[in-house]
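What follows is a group of structures, each given as structure tokens.
Each of the two complexes below includes subunit A, the first together with subunit B, the second together with subunit C.
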Partner chain A sequence: MHNVVIVGGGPAGLSAALAAAAAGAPVLLIDSNPRLGGQYWRMPSDDVGQQGEQHFDLETGLILINAVKARKEIEVLSGAQIWSATHKDGVNTLRVIQNGAEKIINTKNLILCTGAYDRTLPFPGWDTPGVMTPGGVQSLLKGHGVLAGKKVVVAGSGPFLLPVAAGVVKAGGEVVELLEANNSARWLLSPFVMLENVGKLKEAFYYVKTISQVKVRARFASAVIAAHKNSEGNLESVDVATIRGNFKIKKVRNVKCDVAAVGWGFTADTSLAGALGCKQIVAKDGGVVVSADGNQQSSIPGVFVAGEITGIGGAELSMAEGVIAGINAAKFVGCKVEVLKAHRKRRAKRQRFADALIKSYPIKDGWISWLNDQTVICRCEEVSVGNLKYAINELGATDSRTAKLLTRCGMGLCQGRVCGRSVVDLVASELKISPTDIDRFSAANRPIILPIPLGVLAAGE
Partner chain B sequence: MSQSSLEFTFDDQTITAISGQSIGAALLAANQRSLRKTRFNNNDRGLFCGIGVCFDCLVVVDGVSNQRACLIEAKPGMKVQRQVGSDA
Partner chain C sequence: MKNPDAIVIGAGVVGACSALSLVNAGLKVLVIDRGAVASGTTGAGEGNILVSDKEPSPELTLALRSRDAWFELNTDIGGGFELEAKGGVVISRSQSGIANLKKLSAQQASCGIKVVELDAKGIREIEPHISNSVEYAVLYPQDAQCQPMLAAAQIMRAVRKRGGAFIQGENVESINTKSGKVIGLSTDKATYQSPIIVNATGTWAGAIAELAGSYLPIMPRRGFILVTAPAPKIVHHKVYDADYVANVASSDADLQSSAVVEGTESGTILIGASRERVGFQSDLDVAVLRQLARQAISLFPILSNIPLLRAYRGFRPYAPDHLPVIGEDANVLGLWHAAGHEGAGIGLAPATGELIAAQITERKTFMDPTPFSPKRFKQESNVAI
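Our next item is the complex of A and B:
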């Protein structure tokens, strides 16, 4: 029997590994982090020590991680980065770097659980040291026991801002402001879903309670629209605006802080699935995700996908999808096992919650009005809004792919992971057109998954 | 919980890290926010995404440039330098 090969050791990957192993399949779990858990259950080293107060549900994570470690059918490859993936004649080839050496893995079946990262929007000064993503602030807390700053502004949109603000408070930091760009009443759009997912409400109340204990109150219809640096070049203050429903600015005030954690939900990391050729679709929030059928199978037979890469939906949905993907992958390699109705019901309920999230926290294109010509768009290649406008208005670019070639926007080391999505929106806005799916797919895909030193290539085959 | 610590250098400064912390986390704990100067505009950059996605926290580690401070675990005696432009 062949191995079920799983990429990603977060909620989806752990669940998939356990489900496949329970069905009798040998599993190879490849994870880029030094320790299992993914971003959601980011594990610190033993010396740093468990940061229990930074988690809402650490117990579930520890149970899954320990179960994976205890299963002798599961082999874990930690600290292993995949830099290239190709699909040919039914075989997927993964090139993995672990401890500076390359391993090549060929497999007919795969489960991709590559997760997501913070979606960011550019704004003047967002490249100042001290401006971070909420996920970055949280990873420092969970994984390293380090509080990013003393006076922290948490801003953007989405429920993830709550645990990050609560985490700063628990670690002894001051949350100067907690700013949600959307209106809280948007949750009333989905009353049934709220009642059905009481557990999620409990989680939200837990964070709100933590935050309100130190008298921090969330402000709605507010956003960080600019950052200012001190003489040493570090963050000194941010401009906070009250904004309209379309995100256009109403009124601005200045707030002193040393860290601004600003994030706008998440972007699925579809790089690996894209490199293999899995069909992608544009989700309701404009993000590119991997298409999955009811069995969590992608457009490539034998390649399954689970978790955030199939659509942003949180850890519980990721686990539900992971179980179904694990069972089906085991079936694919010959195990006698079936997905139960209960598995599908669990996934459906959590999917409805994920859909309600997207409806409650839309990102409106009024954010483009916060920018000026000097605002950096591509942080890697230091391309400004002015450069992008020049490519469109003077050099005649009529789509984001051409604008990218003319400016190098999105062609730096991060390969457009940070700016790609925003560039598509900006170019379309400047041209007064709607972005096409092709623009969005192009911004989400990259030929090399990870830039690697030439020495590694030279040492290979 | 035993917290074994270690030391490495950032330019001329000695930085103390807890074993298992990333270079970036240890530097931030030591209030070092600017980790490099950009190639074209000579701007300061520091930790941004914190999880290896953005490539903004690039530093030179033991003579090798373009290393992500947020991902690389601090080791005793490491020589970390602020990256200026695309190389040291």
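Our next item is the complex of A and C:
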């Protein structure tokens, strides 16, 4: 029997691995981190002690991780990064780098659980050292036990701001402001969904309790719209605005801080799926995700997808999808196993919650009004709003791909992971059109998934 | 624009230069592209403006004029496309290769190309990181480079500023003729009248000729380019293996590749050059990438540690005899072709534009354009008159 190959060791990947192994399939789990758990249960990279306080539901994570480690059917390839992947004649070829050497893995069945990364929006000064993503602040805490600064502003939109603020408080930092761009009242829109996802409510209360113990109160309809540096070039303060429903600025005040953790939800990491040729779609929030059927199968038979890459929905939806993907992948390689009704029910429940979340935390175009011509959009290549406008208004770019090629915006080290999505919105806004799906796919895909040293490339066969 | 004097199809660098030359000659010009500016082969090139890779031939005459025309153009339209006379360094590592390179460079010198022979020490003075195995090279100071997309876009900007019009996103569906003469064209959105049409659609030029009921044998030759992460200045020129010249001239369908390595203003290093005849097949071919990486490292061992960031591919438009097609169609009057420049389209574009505009306006050309005439493919026409 062939291996079920799984990429990603977060909630979806771990659940998929266990489900496939339980069905009797041998599993190869490829994870880019040195330790299993993904972003959600990011474990310390060395022995800096237990970071249990940084996790709401570490128990579940530890249970899954230990179960994966205990199962002899599961082989784990940690610290392994896929730089390129191609699909030809039913076979998926993954080119993996581990410890500086390349390994080629060919497989007909694959489960992609590559997760998501923080969505950022540019604003004046966002390239100042000290401005970070909430995910960046959290992974420093979870992975290294390091607090990024003493006076922290946590801002942006989405429920993820809460655990990050709580993490800062637990680690002894001061959360000087906790700013949610949307209005909290939106939560009340779907009481039914809230009731059937009581677990999520408990999680939220856990964080709120932690935060309120130190008298931090969340402010709604507020955002960080600019950052200022001190004479050493580090973050000194941010401009905080109260904003309208469309994110346009009402009133601005200045807040001193040494770290600003600013995040706007998540963007699915679909590069690997895209390189293989899995069909992608544009989700309601404008993000590109991988299309999956009811069996978590992508448009390529035998390639299953689970977790955030099918749509941002949180760890619990990821686990529910991972189980279904794992069972179906095992079935695909010949195991006698079926997805249960209960599995589908659980997924449906989590999906309703995820849909409610996306509805509750929309990112409105008004953020574009926070920018000026000098604002840097692409930090890697130092491309400004003005450069983009020149490409459009003077050089005649009529889509974001052309604007990108004419400015090098998104062509640097991160390959547009940070700015790609914002550039699509900005270019469309300047042209007074709606972004097309092609623009969005073009910004989300990169044939070289991760940089690879030329020497390693040359040594391969 | 109503009743343009000429319509240029294609807003790649060749179309842009043709349009600019026509506008400068006083014509009302409309440019139509099915996509965006430079969205075809121009956007997939390195921006080579080379004289070093040309054997003595009419193409070399074209290349020499074009190289100077680029610098004139740079002044004329105000730059903005990273034009740089970085110089080319051609190396060879075999005795026979060195003998051939010496012979070629001597011939080139007699045609007016500046060549500087370099010994092992001389090479290291200008390229300190080159492999120990390189002991002979020829420096071509005239070789230059630009950012090709920016070049096309800046030239189109000048075309518009000088009264030309530019329509993007319209696909030409028919070339309208009457008694064997062009009267205009129709796109998926509109019909335009004009007695002159310039076909500057590169790899797709054959399809446009076919729309007019004529024939043009232009085919794609795929190439990959590797782009590294920005690095400190390691490679100062465009450095390539003399095998490249042989590969350019080859008609073999299989993969050929030779090391072409160059640093750019933005710090990234570009690595080419592969040539394959595989139609418009566009998938990423990792075997080709590996071969390019190996060849680049053999020239500059230090590149081994530099990360590959991106790879892109393009399709060079080539004619069976490897010469560009510049001139009026063999069968349809008023249909002009400016295509088939293979991998040299950026370099040859301004002079191509000059030749096209001079012929259309019946002015004196800087060289005899006969070798580039589409009429050389005449016998295969199937035009209905």
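The rule is short, and it goes like this: the second predicted complex is superposed on the first by the 459 of 461 C-alpha atoms of A that agree within 3 Å, B and C clash if a C-alpha of one lies under 4 Å from a C-alpha of the other, contacts with A are read in each partner's own complex, and residues count from 1 in each chain.
The criterion applied here is as follows: a contact is a pair of C-beta atoms (placed from the backbone, for glycine too) under 8 Å apart; a residue touches a chain by one contact, two chains touch by 3 or more.
Please read all numbers here as calculations on a predicted model, not as lab measurements.
In the superposition on chain A, A:Gly172 contacts neither subunit B nor subunit C.
Once the two structures are overlaid, the count of subunit A residues touched is higher for B than for its counterpart among subunit B and subunit C. Of the two partner chains placed around the shared chain by superposition, subunit B is the only one that A:Val146 touches, whereas subunit C remains out of contact.
When the two complexes are overlaid on their common chain A, residue A:Leu395 makes contact with subunit C while staying clear of subunit B. Look at A:Met132: by the touch rule set out above, it reaches subunit B but stays clear of subunit C. In the superposition on chain A, contact of A:Leu413 is made with both subunit B and subunit C.
Contact with neither subunit B nor subunit C is seen for A:Gly100 once the two complexes are overlaid on the shared chain.
The contact surfaces that subunit B and subunit C form on subunit A in the two complexes overlap at residues 412-413, 451, 453. The residues of subunit A lying in touch with subunit B in their complex are 32, 34, 39, 44-49, 117-118, 127-133, 135-137, 139-140, 143-146, 148, 229, 232-235, 269, 379-380, 382, 412-414, 417-418, 451, 453.
Residues 36-39, 43, 149-150, 153-154, 156-157, 160, 166, 168-169, 226, 228-230, 266, 271, 283-284, 286, 289-290, 293-294, 296-297, 303-311 of subunit C touch subunit A in their complex. Within the complex, the subunit A residues that touch subunit C are 84, 86, 88, 95, 275, 381, 391, 394-399, 401-402, 405-406, 408, 411-413, 415, 446-448, 451-455, 457-458, 460-461. By the touch rule above, subunit B contacts subunit A in their complex via residues 1-5, 18-22, 25-26, 28-29, 33-35, 38-41, 43-56, 58, 64, 66, 70, 73.
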